[in-house]
Every structure is written in structure tokens, then in C-alpha cells.
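Each in C-alpha cells, the structures are laid out below.
What follows is a pair of complexes built around subunit A, which joins subunit B in one and subunit C in the other.
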Partner chain A sequence: MYSECRSHFTRALRITVVLMLVAGCEREERQLDPPPVKPDPRAQAAALSDFQPGKQGPGMRMLAAAGGYHEQSAYEVAQGKQLYRWFNCVGCHAQGGGAIGPALMDDNWLYGKSADAIFTSIVEGRPNGMPAFRGRIPEQQVWQLVAYVRSMSGLVPSGAEPNRSEGLLGAPPENLRDAQRPDEKH
Partner chain B sequence: MSFALAVVALASLSMRAGAQARQDSDWPMPARDYANTRFSPLTDITPTNVSRLDLAFSFSTAIDKGHEAAPIVIGDTMFIVTPYPNRVIAFDLSKPGANVKWTFDPKANAKSQGVACCDVVNRGAAYADGRVFFNTLDNNTIALDAADGHEVWRTNLGDIATGQSMTMAPLVVHGKVLVGNSGGEFGVRGFLAALDATTGKEVWRAYSTGPDRDVLIGPSFKPHYAQDRGADLGVTSWPTDAWKIGGGTVWGWVSYDPELDLVYYGTGNPGPWNPDQRPGANKWTCGIFARKLSTGEAVWFYQFSPHDLHDYDGVNESVLVDLPIGGVTRKVLLHPDRNGYLYVIDRASGEVLSADAFALITTSLGVDLASGALRYNPAKTPQFGKVTRDICPASPGAKDWQPTAWSPRTKLFYIPHQNLCQDTLVYETSYIAGTPYVGAEAKMRAGPGGNRGEFSAWDPVARKAVWTIPESFPVWSGALVTAGDVVFYGTMDGWFKAVDAKTGDLLWKYKTSSGIIGQPVSYRGPDGHQYVAIFAGVGGWAGGVVSGNLDTRDGSAALGFANAMRDLPHVTKSGGMLYVFRMP
Partner chain C sequence: MSEVLAPGGPQAAHIAQLWWLMLAICAFVFIAVTLALGCAVLRARRATSETAPESPSTSGEKRVGLWVKAAAALSMLLLVILLGASVMTDRALARLPLDDALVVHVTANQWWWDVVYEDAQPDREFRTANELYLPTGRPVIVKLDARDVIHSFWIPSLTGKKDLLPGRTTTIQFRADKAGEYRAPCAEFCGLQHAFMTLDVVALAPASFDAWADAHRAPAATPSDPMELRGRELFVSGSCMLCHAILGTSANARSGPDLTHVASRAHLASVLPNTPVALAAWITDPQVAKPGANMPAHFLADADMRALLAYLGTLR
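Coming up: the complex of A and B.
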């Protein structure tokens, strides 16, 4: 009785461990040799919009190697989450609920939810107040921000979504969010 | 000869009487008078007949942002200014239904919406000498010909690329247009400027931070308290160069005392919110200046919240009244501050005569009247990496921008205000011009009792509330009191209410199309009847969850206000509508 129970337990434990390993593998699956992506000239070109963070002029104009876009990578998304705070995105969009700017954690998109559309929003700005960060953020970091913004409403693979945050929890963790607002469900 | 003289004398007498009558009828600026009383001398509406108030006309602005402005009335014309895009509309009150006389569109820059911290509000226009003056979100002060709405002049006062915007209502005194800036959440350096009402040319500009020459501090400056004396305190009370991005914006109300010839206004919060990034008293933020009108020279200053810890801007109105204090009638100002104290200050000297809590306060333990110092509660000082809980009042303060009213009849001060507390986390933030410079996250909630708002009548001599009406939502509308002893205010779920000025008893209410965060006014129309006007149209910081369509699952949205307002989208929708009521 005891040993049977124990062997059941051991088997269950083994299965759990294997399952955890499999899940872990999925989360950490990375393309170690990503296909080369050419830098997007929009990121460093002269600004079209005169509304830019900082004084008028060329801004940072930092030369950075384009790293490509990897929204399936938990690392890239996590970097984006950090940059989201460092570049003061959080001041306008909060933890996804919005403030000065619109909410980013729901499924309402003013200018498109594709990675390319979000890249354009960040780099070129939008007419109702989104400033153009062209020349202010290295392109690779823009792509990391894009990946994080998409993760806020569950648009990236679940294994790459951030979970808990440090500090004051405003919104549910990214990996537990439903893009559809409860009051908009039918 | 003597007969002719008598005729002239009679004529001038009747003209003066006519002017007085007209003055009683008009509402020329958001607070109605320089003293900021919001007291209407009209007596037709009384507690017994107010229930007969009838809708005269309404008008949709077709704008779904927060409508905070007060309508202005001169003779047979009413003027309103909308939130961004800041259209000005004039109505002909002599016509049935008050048809539109003219509309002016300033073509404000759409990008300015990205630097408005708390919805794209505007707090109203001001009328003087045949012109209407107002500010645009993209930092222009504009003068219009009141007769036909054509632009007389426009003066640009700043660049949105630095995060600056303008939301306040100008005060026009003796040919000077007093205007200040917004952008305390963007590290904008605050100022008050005086423009020539005829030409728009800047006469003087007084910054809220920096060296004395920028702050217009000179030989006339005689602050009452020792901590405000010394050279260049606007530089030395900051880390190196932090004053350049230190806030102290001037987006609230300005008052003026013609006898002392002094202008009074408050300064906003220091930037960033995270106090660890700006050790020092951060002068001259979160305080009040008295200045000479003609030159802008500072005469005195008092700091309500030195080294502000919680975003307690000092911009709330100062209402100028004469009160018997200690058996002597004194010229004082009443200032209900965000930090929760109602200050009674000698407006000639800047001495604080009393400071009493009008809401729950956990962040401080009182005001030391001898030194003027706010006694902070160290347990509520935000610290890096630690959530500080039960901060009361929350960042919008015990009372935010929403203006009070004073009745010289009841001698009561009518205060629309909040009952909110919050948890805060501060962190280091970068300064990137044109983006928010805050470094704090918050989650607000109702204070004790569960009601998020209150409307109180306060006796400043007895130093206590006489009556208080609890409201479910923050009372984010202004107050109006009339000589008929009726008080008006609105609620965020859309009720426009009339209460008895003496008892607070509810006399009448009307359900409008959207939550009310506007300023009620009263005037006598061309038909001789008394009217009351109010904007509906929810929004502002408190109502941004609706007007900005925010996702309330994130309690930190709207700088933490979303957490306290999760139910607001279920009870009201956005959309500006002017309501005008008539006493039959």
C-alpha cells in the first residue's frame, strides 16, 4: 500500500518534472541564428514631424545595429518592458490602461496593431499627440518596445509574455490579461 | 444753467445706476469678480421657488472631452470656450433659443493633446472692454472682438515640444491679461505673465523657479516667514540646474485686490513627483505669491507644501474676504489647499492666521502657525522601492482645481472636494523633454465612508464645517452661491443640484446628459429673468477614464485615478452640452 502509493507519487513527480522541462524549453526556445534584418532607415532619418521629445534638431542620432524583431523571445519582450519605463511611455500609457495616451492592453487600436504599425507610431509619431521618437531611440530598442507593446494585450506567444512586475501592480500581469475588456464582451 | 447741471447730474446718476444693474446681471469672468467669490447678487431664485427652474436652452459642443469652463455673460451675449480644439462660441441671448452669433476656431495644434496631463480641458474665457480673452492648449493667448469674434491679437507663450500647455482662464485687470502655463507633469518651468490687453505684448513674466531676477524678486519682497528670505532661493533650494525643469506651473486661479493693488496666485507641484530626485524645499513651487500688478514684483510668498511629496499643487483659488478675526476685521484670503488645510492668510503680509483640515489628512500633522511650517508625517514619505500606503489626501488633494464660492450673506465658504486616499510607489525617472516627468505610480480609492466626494459649507471664523453633503463621486464641478441663498453644483454622474445655502438641504436637481465638471454661473437675461448656466461633459483628471476611454483594469491609469473610478463608465458617457435654466 505504502510502496504503491509512493510509486504513484514518484511517477506523478516524474511526469510533472518532464512537463515543467517541456514548458521551460518552450519558453526558452530561441533562434540563436536569427535571419539578418536590414536596418530600417526610418529610425534614423530626419524627422517629418516637428513635434519631437527634446529641442528641435537632430536629437540623439545614435548609430545602432538593427537587431531585428523577435517577439517570441522573452528576453526581447522583457527588455522592451524596461525601456517602456525608461523612455517615459509609462507616463502616458500607464501600465496599459492609458492616461494622456490611449490604453494599450485592450483590443482597440487607433493606428494598427501589427509590429510595423506600432514601429511607425513610435518612430514617426501620430497626429493627436504621440510624439515622434525618430533619432531618439536606437532601432533595436524600438523593436523591443514594439514587442512589449504587443505583449500588453496578448499578441506575442504566451511563453514570451512577462508575468509579474516589481512594484505597484496597477494591471494584471501581461500573461494573465484578456485583450477584450470585460464590459465590451458580448 | 442750474437746470442743465441738474439734468446732467440726474443723467449721470441714472447711468451709474444702470451700470450697476448691468453689473449685477453680468458674469464677466469665471469667478465673476476679482476676489474670486462666485457670488451672484441676484435674488430672484430662492430656496422656496428654485424647484420651478426650467430649461431655457441647451447646446451640444460635439466634443467628447472634459468641459470645465464657466460660461461668460455680458449684456445679451454669452460666450463659451470648449476643451481642445478650444472653439469660442457666442450666443445671442435676446433671441428665443439663443442662436449662435459667431464661432471662432483658433486652429490649435492637435499635437498639443499629447502634453495635456489630465484631459484637454480649458477653464474659461474672460471679458473686458469689448474683448474676449482665452488660452489655447497649444500655448496661445488670444483676444477676440466680442461683437463679431474676429481675432484682435494672439501671443504665443511657449512650445509644446517642452511639454508646456495652457488650460487656465485669464484674469483681466486694468488693461493687463494675466496668464500662466500648465505642464507640471512634464518638468515645465512655471510662470505667470502679464500681457497688454490692447496689443498682446508681454509686459512682465514671473517664473516660479530660478534666480531672483527671473522670479521678479527684488527690494519689494517682504515674505512673512524666515525660510522664504535669502538670495536666489529658487536656485539654491534645488539640486544643480533641477529648477530649470522643476515645475511650479501656474494653471489655477488668479485673484486681485484693487485696494492693496496685489495679484494673488498659487504655484503648482515640483517636478518630478518622485521627491528623491529633488532634495531641497523646491522654491517657489506649491505656494502662493502676492505681486504688484504693474510690474509683477513679488511682495510676499508662502509655501504650503515645501519639498512636495504627493503632488499637492498650490494652485487652488484664493478668495479675498474681510473677516472679523480676534475681534478685528482683517483683510484675509481663504485658500483651500490640495494638502487638505483651509488656510486663512493675512493678504497684506502673508501671515497664516489659521490652517484647519477640511478633509482626512494622514500625510501631515498640522501647520505650525509660528513658523508657517507644514509638519509632515514621516511615515507617509514615499521611498524608493517601497509602496507607501494610505496616503490621504491622494494626489489630486483634498480639493483640486474645482473652485469654491463665498457668500457675504451667509458668511460661509462652499467647498466642492474629494475624499480620496492612495498607495504610491516612486522610482527614478529620466527627463525627456515633451514626455511625462513623474517617477511615481499610484492607485487611488475612496477615503473613510466610501464616498469619494463631498460638498461642504465652511465657517472660516468658527473654523469648522457647518454642513457636509457626501457624494459618491468626487465633486469635480465648481460652486455657485446666489444672494437668494441658493448654492449650485454638479456631480460626475450628471446631476445638477441646488441646495439651501444655510442648511445644505437639497432643493432641486436636474439630470444632464453627461457627468458635470463645469462651473455654474448665474446672470439676468435680456428678458429680465434670472438664469443659471452649466456645462455638462465628463472628463478632466477624475473623469479621464470616460473621456479618454481608459482601461480601468489598470488601476494606475490616469495617474492612479482609474483605480477609484472603475464604475464611472457605467453611469455616464462623454459629450459636452451647455445647459441654461430660467426662473419663470
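Coming up: the complex of A and C.
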């Protein structure tokens, strides 16, 4: 009687474990050929200057809601990490600690920590030096950069944070850093 | 496979010799084992039909023992021969004379090859991508590096494999004696497009190679046609220049392949034929030809695309 009970328990345990593993399969599904996203008309408009301060408008929020932004996907965040170096964000923001540009791994946000605010900062530029990358970085890649910038201060789900780098890195991996929880007032 | 057996240089010839020796020995062993097994099966059948003796005679046991000892000794001998042949091949590979060698630095990326021809004079250095031109009869030292994951360099007709490791430079040396086109597939699984990561290897007579190298040292010429000029403007003001470089323009990023002489290449992205139609398709949606590639999709107006293609077509 006891052993029968025990075997039932073992079987139930095995089934549960398998179900949990199967549920994990879909977590990192990667869409290799995403349907083409129409480019943001604002990204097409001629810039007044390369250093034009931007405003966070409803348009950007709609874009984020339209599905270009995936911060749950480890792939998208890792791509953002690669682009962060390829596009020389390192030149001003260093590895996130900041240099002539502000730090990105702390909890201070001059223009907001939401995805659409960061998107606006990259696309429109900000006063005192942040260039506008409007028309230069394709929108999908801007969203990947946004996800990576947010991951530096622990704002994306911890399972999606990048771990090690392929190149030399001046800071510990993102998923080993203490999460900086920015104040709501910023 | 057949490329390994059609060597175009001394290194591949050594490897091919070793391969034939191994094939001969292994074929001999295979046939011998098959024959022995066949004999045993036949004898066993005969024995059961005549009712097997309770205990084998001592003389029979002795004979079997001799056979086993002989077979074991022969196996040892063959293994020692193979071991000796491998060591000798390795020595021969390491003894390629390297006087006046051409030094090429190859960096593997997901999923393309960055190729830099080094020179003692820095201004004579130049760069290309996904193609490796070599002079015949002159040794080549290839420095191997990887930027993301482990790849492997292998020109079956010219040289054996060597891995490209991120953060560690390795070298391989070989010589191409026969002019011709060779294929160099990436030989270490490196991700989604591993199968489509090939390097076009072309061995040319020294004079033609020098002409090719001189042409590739030159920066891109300024186009005269207004449409081509517009194409160049689009290239350097849009997103192309964030990853690609064209010598002679302000585009000098190194994250993607160098495009200074892109129109002279046989293939685009190592899978597509180098035609304007294929190029337009590649720019519009690279994920169709190479799912997973790092190149993003670009939405260009018709006129802009035509101008860009016209300009890229001038980069010979």
C-alpha cells in the first residue's frame, strides 16, 4: 500500500517536471522573419539639427505598444548589447558607467526610464550632446538598444539579461549586477 | 570530400597521402575481419551439425591461440604504422618553407569572413570580405581570429582545419601550387547560418595576384553620374555606414563586411550571386536569404534603391 502510494507520487512528480520543461520551450521563441514594420514617419522627417531635443509623444508609446519592443527576449537584449558596442554608444556612455555621457547603469534617469522615453532619446537626441539617430539606426535595432539600456539597471526580467560578453568587458555581466531600482519620480 | 583527394598544394598533398594510407590499412583490416568472421560462422555450423565435442582438443586450442596472438601482433603493427605516418605528416606540415610569405589576417564573424592583407608598409594593407585571393607558388600564413563564437578555417584542397577562437590568434600556413577556385566552408558549427558561411578562395598566378591586390588597395572612386552620387549620399547618411566601410568615403565602420570593392566579388553574403536584383532583395529583407543574419531590413523608396544599387555597382 505504502509503495503503491509512493509510485503514484513519483509518477505525478515526473509528469509535473516534464510539463514544466515543456512549458519552458516556448519562452525564447525567436521570430526569424518578422513581418515588415512600417518605419516611423517621424524617423523619415528631416531633422532640424543633429542635436534636437526630443519630446516623448504619444506616437512613441503607440510604437512600443505596436510590438516592436521585446524586453522578455534574451536574444533581443543580447543583440542590443552587441549594437551598443558596434554603434559606439561606448564612446560616450562607456560600458554603462558613463563618461562624457551620463551613466546608464544607475537609477538616475534625466528623461525617463520607460521604453518609449529611451527610444525617443535615441531617435530624437537630447540636449548637451546626445545625437539624433533618426534615419540612421533601423527601428528594430533601436528597440534592441532600448532593451539593453534598460537591462543595465535591472529593468528587464532577470532571465533575459545578458550574461557574458564575447569581447573584453570593463564591468561584471549584467545578470550578476545588483538591480538598481529607479525611483518612480524620475 | 573529393576536394581532399585533389590537392592543390603541398600541405593538402601530405594529408591526402595519409588519407590513402589510412584507407588502405582500414580496408585491409575490414576485409580480414569479415573473412575471419565468415570462417567462424561456417565452422560453427559444421560443428553443430556433427555435434560439437565436449571439450576442444589441446592441439586445436593451441592453434587458435596462435592465430589470436598473430592477429593481435598484426593489429599492433598496423596501429604503430598509422601512428608513425600521422607524426611524419604533422612534421611535414610544419616544415613548409615560409620565405617571403604572404600574411593574411582572417577574422570570422557570424556569418562572414573579414580578410585583411597585411604588409610591412602599413599603407599597403587592404581589406576584403568573404573572399581570399592567393598567389600560386608563394607560402601563405593565415592569422585566424574570431569575433563572436568558435569557427573553423578549412580549404579542403589546400590545407587542413584550424579553429578560429575568440580572444586568441592562431596561425596556419600553406601554399597553393595550382591556380584555380577553391571552396572554404566554415568547419565548426557556429549558429543558424553555419552552412552558408563560405569563403571563396581563388589562387592566381603571381602577376595576376599583384594586379588584383593593387586594384584592391585603391579607395573607391568618386562617381560622376548624379544618380550614383545620390546613392553614395544615401549610403553615408543612412544606416549603411553604421556597420559598413567604403574606403574614400566617410563610412568606416567595421561591424559589417568592407564594401570598397563589393561589385568585384563573386557572391553577396556568400550565398547570393552578385547581381543588382539579388543585392536589392538582400538590402530589403536579408532574413529571406540568411535567416538570423545581423543585417537589418531596410525600407527604401524605389528611386533611392535604384540610386544605391547604381552606386554599389560602381565599386569594382
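For this structure, a couple of remarks:
Quick note on the criterion: the second predicted complex is superposed on the first by the 120 of 186 C-alpha atoms of A that agree within 3 Å, B and C clash if a C-alpha of one lies under 4 Å from a C-alpha of the other, contacts with A are read in each partner's own complex, and residues count from 1 in each chain.
The definition used in the following text is that contacts are C-beta pairs under 8 Å (C-beta built on N, C-alpha and C of every residue); 3 or more make two chains touch, one makes a residue touch a chain.
As the structure is a prediction and not an experimental result, all values here were calculated from the model.
Once the two complexes are laid over each other on the shared chain, residue contacts for A:Cys92 go to subunit B alone; subunit C is not touched. When both complexes are overlaid on chain A, the residue A:Ser73 reaches neither subunit B nor subunit C. Of the two partners subunit B and subunit C, it is B that touches the larger number of subunit A residues.
By the touch criterion stated above, A:Ser151 is placed in contact with neither subunit B nor subunit C.
Residue contacts after overlaying the shared chain place A:Gln140 against subunit C, while subunit B stays out of touching range. When the two structures are aligned on the shared chain, A:Ser121 is found in touch with neither subunit B nor subunit C. On subunit A, the surface touched by subunit B in one complex and the surface touched by subunit C in the other have residues 86-87, 136, 167-168 in common.
Listed in rising order, the residues of subunit A touching subunit C in the complex are 32-34, 36, 38-39, 79, 82, 86-87, 135-138, 140-141, 166-168. Residue ranges of subunit C in contact with subunit A, taken from their complex: 147-149, 166-167, 192, 237-239, 242-243, 253, 255, 285, 287-288, 291-292, 294, 296-299. Interface of subunit A with subunit B (complex): residues 49-56, 85-88, 90-92, 94-103, 105-106, 108, 125, 127-131, 136, 167-168, 170-172, 177, 181-183. Residue ranges on subunit B touching subunit A, taken from their complex, read 109-117, 160-161, 185, 385, 387, 423-425, 427, 429-430, 432-438, 441-443, 544, 548-560, 562-563, 569-570.
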